[in-house]
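Only one structure is covered here, and it is reproduced in the block below.
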Amino acid sequence: MGESLVCVKDFERHAFSVLPRSALDFYRSGAGAETTLVHNRRAFSKFKIRPRCLRNVSRRDLSTTVLGQKVEIPVGISPMSMQRMAHPEGECASVRAAQEMGTIYTLSSLATASIEEVAETAPRGINWFQLYIFKDREVTKKLVARAENAGFKALVLTVDAPISGLRLADIRNKFVLPPHLKFANFSGDKSTGINTTESGSGLNSYVNRFYDQSLEWKDIRWLQGITKLPIVLKGILTAEDAVIAADLGVAAILVSNHGGRQIDGTPASIEALPEIVKAVGDRVEIYLDGGVTDGTDVYKALALGAKMVFVGRPVLWGLAHSGEDGVKKILTILKTELDYALAITGCATIKDISKEMVVPEEYYNKL
Amino acid sequence: MGESLVCVKDFERHAFSVLPRSALDFYRSGAGAETTLVHNRRAFSKFKIRPRCLRNVSRRDLSTTVLGQKVEIPVGISPMSMQRMAHPEGECASVRAAQEMGTIYTLSSLATASIEEVAETAPRGINWFQLYIFKDREVTKKLVARAENAGFKALVLTVDAPISGLRLADIRNKFVLPPHLKFANFSGDKSTGINTTESGSGLNSYVNRFYDQSLEWKDIRWLQGITKLPIVLKGILTAEDAVIAADLGVAAILVSNHGGRQIDGTPASIEALPEIVKAVGDRVEIYLDGGVTDGTDVYKALALGAKMVFVGRPVLWGLAHSGEDGVKKILTILKTELDYALAITGCATIKDISKEMVVPEEYYNKL
Amino acid sequence: MGESLVCVKDFERHAFSVLPRSALDFYRSGAGAETTLVHNRRAFSKFKIRPRCLRNVSRRDLSTTVLGQKVEIPVGISPMSMQRMAHPEGECASVRAAQEMGTIYTLSSLATASIEEVAETAPRGINWFQLYIFKDREVTKKLVARAENAGFKALVLTVDAPISGLRLADIRNKFVLPPHLKFANFSGDKSTGINTTESGSGLNSYVNRFYDQSLEWKDIRWLQGITKLPIVLKGILTAEDAVIAADLGVAAILVSNHGGRQIDGTPASIEALPEIVKAVGDRVEIYLDGGVTDGTDVYKALALGAKMVFVGRPVLWGLAHSGEDGVKKILTILKTELDYALAITGCATIKDISKEMVVPEEYYNKL
Amino acid sequence: MGESLVCVKDFERHAFSVLPRSALDFYRSGAGAETTLVHNRRAFSKFKIRPRCLRNVSRRDLSTTVLGQKVEIPVGISPMSMQRMAHPEGECASVRAAQEMGTIYTLSSLATASIEEVAETAPRGINWFQLYIFKDREVTKKLVARAENAGFKALVLTVDAPISGLRLADIRNKFVLPPHLKFANFSGDKSTGINTTESGSGLNSYVNRFYDQSLEWKDIRWLQGITKLPIVLKGILTAEDAVIAADLGVAAILVSNHGGRQIDGTPASIEALPEIVKAVGDRVEIYLDGGVTDGTDVYKALALGAKMVFVGRPVLWGLAHSGEDGVKKILTILKTELDYALAITGCATIKDISKEMVVPEEYYNKL
């Protein structure tokens, strides 16, 4: 059967058949009516590829440079919480796969493996740490310090979640973190007040109790003041916010609607990307996640101005299939598909993907 | 089972399974081929939300001011006739739920509870009275006087129903008001000539016999002359009519296509809203009903310029589920969803929802 | 069961269940992949109605004037061949229904009742005669003379059928006119060379043998020379042809794609209408057929500039149901729906339907 | 049963039911998610035909001139590999059908019949030879020389396949050329290093080993230097590449996305056509393949500026049905459909199809 899993959707189908309902729904679901969840994917098909031919593509190189570091493929892993629901090795399996593929792994604050575990299992990895700013700033400070100490290369601050979105499936399921798992980054730190195993029907209200809903742009300065790590803002969807971010001197913006999990009705990530590239593309690095299922999705995002693309759920499907090996399979599939996309569109390197190569479908509807 | 009803659609599904066919069809159906009925809902997804981030949303306030009165949430209840088909307490249950939630209840002329009953059961409510102008103006005058006496705060004149629309389901069902119910506002008033229990296969022709099809704009002046209550015109769909209404000095316009029940083929309410806001948004208050099923629908209507949003059928589904409690559940769901929408888009108050925050999908299809 | 047939689609469903496959397919089918057949109907939903309110609609009048004659409703009957396959009384039943409703009946050249039979059964009818120009001009001349003698009021020249379209269903069915029926207009006229009962698998090639494929615009002058009857050109879909027609002084243009039966891929009739109205609307009367299923479709066509709308297949479904009575039911349904549409959009008469009242959906997608 | 196969889709359905899965999938499938495969066809319906009437169409002529040679119909056969999987006579059957119909047959390099076999079986055919440029230029040179000697009339260089696309169905099936077949053009030529029977799970990697991925525009000059045959570039999808091609003096461009088999997400061929026609339509001949299923598709491509249209899969379905006879049936169906399209739109000849006769659907959505 493994043999017949030849694309991300195959792994998705497999995961849908093997994961427990509650974990699957937590991973799979989006906010509200889930139209954005669906739209994130479909919106890629609204952009068309204009391949060029007769260019020397005999030596292809998919590597790129992100925040000054070389990554082997422009596809990294987005932060996702509680990966041990998908596989016993959870985040540790994912990060090793990323390390082996030479790409970025972003550890979620709400991971089921700790900063230190992850650093230890993938010491040569390009590891980033996803951060929420908690009401108790000391909690955040400690996390930042631990990430720095553990050799993490960047902080990814989630800015689209002053509260956690309404996901109906989780509410129906009264979703709980399974009792044998814990929020490993808070384990043993009684001072945070965070119960590392609690979750239950009130995961939302629980999480919401600790997030600082009063967070403002000025708090970015506070964060800049306590770390030397580059800061990536994840969850920006408008040119207006992108300009503020760039003015504040953040290192990068990750265009994202949180996988459709925060609020239903936003544009797809790929739709939101162009206005942000146009506004600040020359001042900060811009990345994208949301709906990426195929190497041509990656290609389109790069053509539209993203420097790096991140995937979330596909990694979970790989993890559910066969842990580290499954995640590598997913990344390899995307890499191969992207490689083919480059070759067939006349690009030998990532830089060769120019913006004329991807156009909205309206381009072809002109009178 | 109640536990698993977490959104309006859940209550709708429930109501579809428990209501008698005839009542369900009366509530559910729209005019003609029912494309507008469907379109009213779907059209909301044609508008996209552009969330802003890193704004202090720790103290949120969903209240607003409508016709000079504070309402706790910008979601009120539209006039709907014959609510006792959904629950024995009918309009009385609905109005108490609205009162408890601190929002507007609009009593239909064709209610199965009278003006006085409603006022008595919800004395602290923000109660509005929906009005038709009958051929016999004395009937209308009496209704207005009774509404004033009963402490109603506004008159909502339905202007899109010189006759009642062709609803095929009702024709097929030969819809009749169940024999144990009556049009309570006309009960005991023999002078109106209105048979308070009649309906039957000829509900349409019956109703049409009493409505004044010769009604014109000048009759608004007549109504203004017999009441001090603010007048809301319900059912305006064009900028042209909005301008006339504003010139006549009405207090507000409720943009509505009567839930798709009058004529098939109109724009969705949410589509019609912008041209009306543009034409008279600075001169009269503008509200909307039609297809609102989710807090993000409310959010979109507010961003596009509505000051208040009204829901109809969702209230009936709540009523069918558990009377007053069910209606409160519906309003609470919408309130919670709207609260989340505010928080996640960077709005602490209703006023913070600015017009750049919602755009038609075409915004993202630009070349 | 008859009771539950409340709209044209109900009659259509009924006809689909009772008509013999071969006749049904002949009536129902369109050319090629039948996308235009489907599109003709759906395209109406691309136009939205903008109702006006508070206008006196207490006295409504659906009558209009066509070619100088009063018709009671702006809905007539398009030419359709072989109506006796649907009901033994065929064209005679249809024309009597039209006469009773005070509207136009257009008799097909390829009818199964003759010019004289139709005139005799509906002597007070507004009867028009549909014409092809045959290679043998004498055949055409005789038909014209007979139509004039029989009191027909106009000639409808089909200009979109130099050959008969490829209808796959008929080819599959090897469609034949049932043996007990005949092309009544050619019966007994041996000189035409037309076998009035032949048809069979080669109906197309048979028909094509007699049509004059060399017909050109100058031949309109020939036709004008042999008759005093007003000439309506049926099947024009472009502004360019409309201008030529107007320059030649024809009385009217019937915008039509022949019910999607000639070539797949044309615009829907309702889509083609506006450019023709714009080009020659002030010089000739313009009518429309194609996909009209509902009174709101009629309304939309009128708003977009048609003076009269014709229906085809709905009449056949009525005929299949109950002959003359079924056709009256169909026309009555459309009349009632149109009457409601007028009332609810603030129109007392056909003239009140102004062009701002119907807009393409793009109107509501503006940024 | 044969009787009921009246359109290309009928033959397709038949082939789907009789071909072995592996061969069917190879023929049928497209790259990646196959959205372009589907879109190629559907995109034709986005263009609408504007028929003209009352033009003399009594003498119709479907012939045209391509590269200076008369072809009887503007529909030729695209290169497709391994046609003997569909019928024992494979390419030989196809080329004879093309010869008999007086149109172009393009032999694939990867055919299961050799250049010489094809020339011998269809000596009066207008035969073209499809070419890849191999790493070993001598292989290519020999093929060119053989094609010239065998009387082929043009070389069709595939420029959209530096590597062969990712077709998931083939990967799942571990597609192999059946053992009794061989790549006939390389048979007996040990010097090429090409194993004429190998294929197996690694067909892609196998093919990719021999294609020259370093091919560039300058190599066109090399090809021009070794042959006097006109060169057609197949697989151009952008105006930019079309201009380069024209500047290099190629004879023609075949607008194609390789039947959706190279990379998913390109425009449909019919969408890409207009920008290429606009850019170089006056300097080189332009052809199209991709999704053509119906005579009206051919018509649309011609109206949009293609001089010739090629079909691929339909020929395979005909071949699978009944070899040479089946292919003739397919070409005859398309010819008949095109003939009807000409007649009904007022065109007596191919030249009469003017560009105003086909418009994108947006033409009809204007406000």
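Per-chain residue numbering starts at 1, and chain names A, B, C and D are given in the order in which the chains are listed.
Going forward, a residue touches a chain if its C-beta (ideal position, glycine included) is under 8 Å from a C-beta of that chain, and two chains touch if they have at least 3 such contacts.
Keep in mind that this is a model prediction, so the values were computed, not measured.
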{"item": "Rotation angle (°) superposing Cα atoms of chain C on chain D, nearest 5", "value": "90"}
{"item": "Centre distance in Å when chain B and chain C are each reduced to the mean of their C-alpha atoms", "value": "42"}
{"item": "Distance from the mean Cα position of chain C to that of chain A, given in whole angstrom", "value": "59"}
{"item": "Chain B: positions in contact with at least two other chains", "value": "361"}
{"item": "Touch-based graph of the chains, sorted into line, ring, star, complete or other", "value": "ring"}
{"item": "Pairwise chain contacts, counting only pairs that touch as defined", "value": "A-B, A-D, B-C, C-D"}
{"item": "Residue ranges of chain B touching chain C (in the complex, touch as defined)", "value": "32-33, 35, 46, 159-163, 165-166, 168, 171-172, 212-217, 219-220, 233, 235-238, 240-241, 244, 262-268, 271-272, 359-363"}
{"item": "Residues of chain D defined as touching chain C within the complex", "value": "4, 6-7, 9, 44-45, 47-58, 294-296, 299-300, 336-337, 340-341, 343-346, 356, 361, 364-367"}
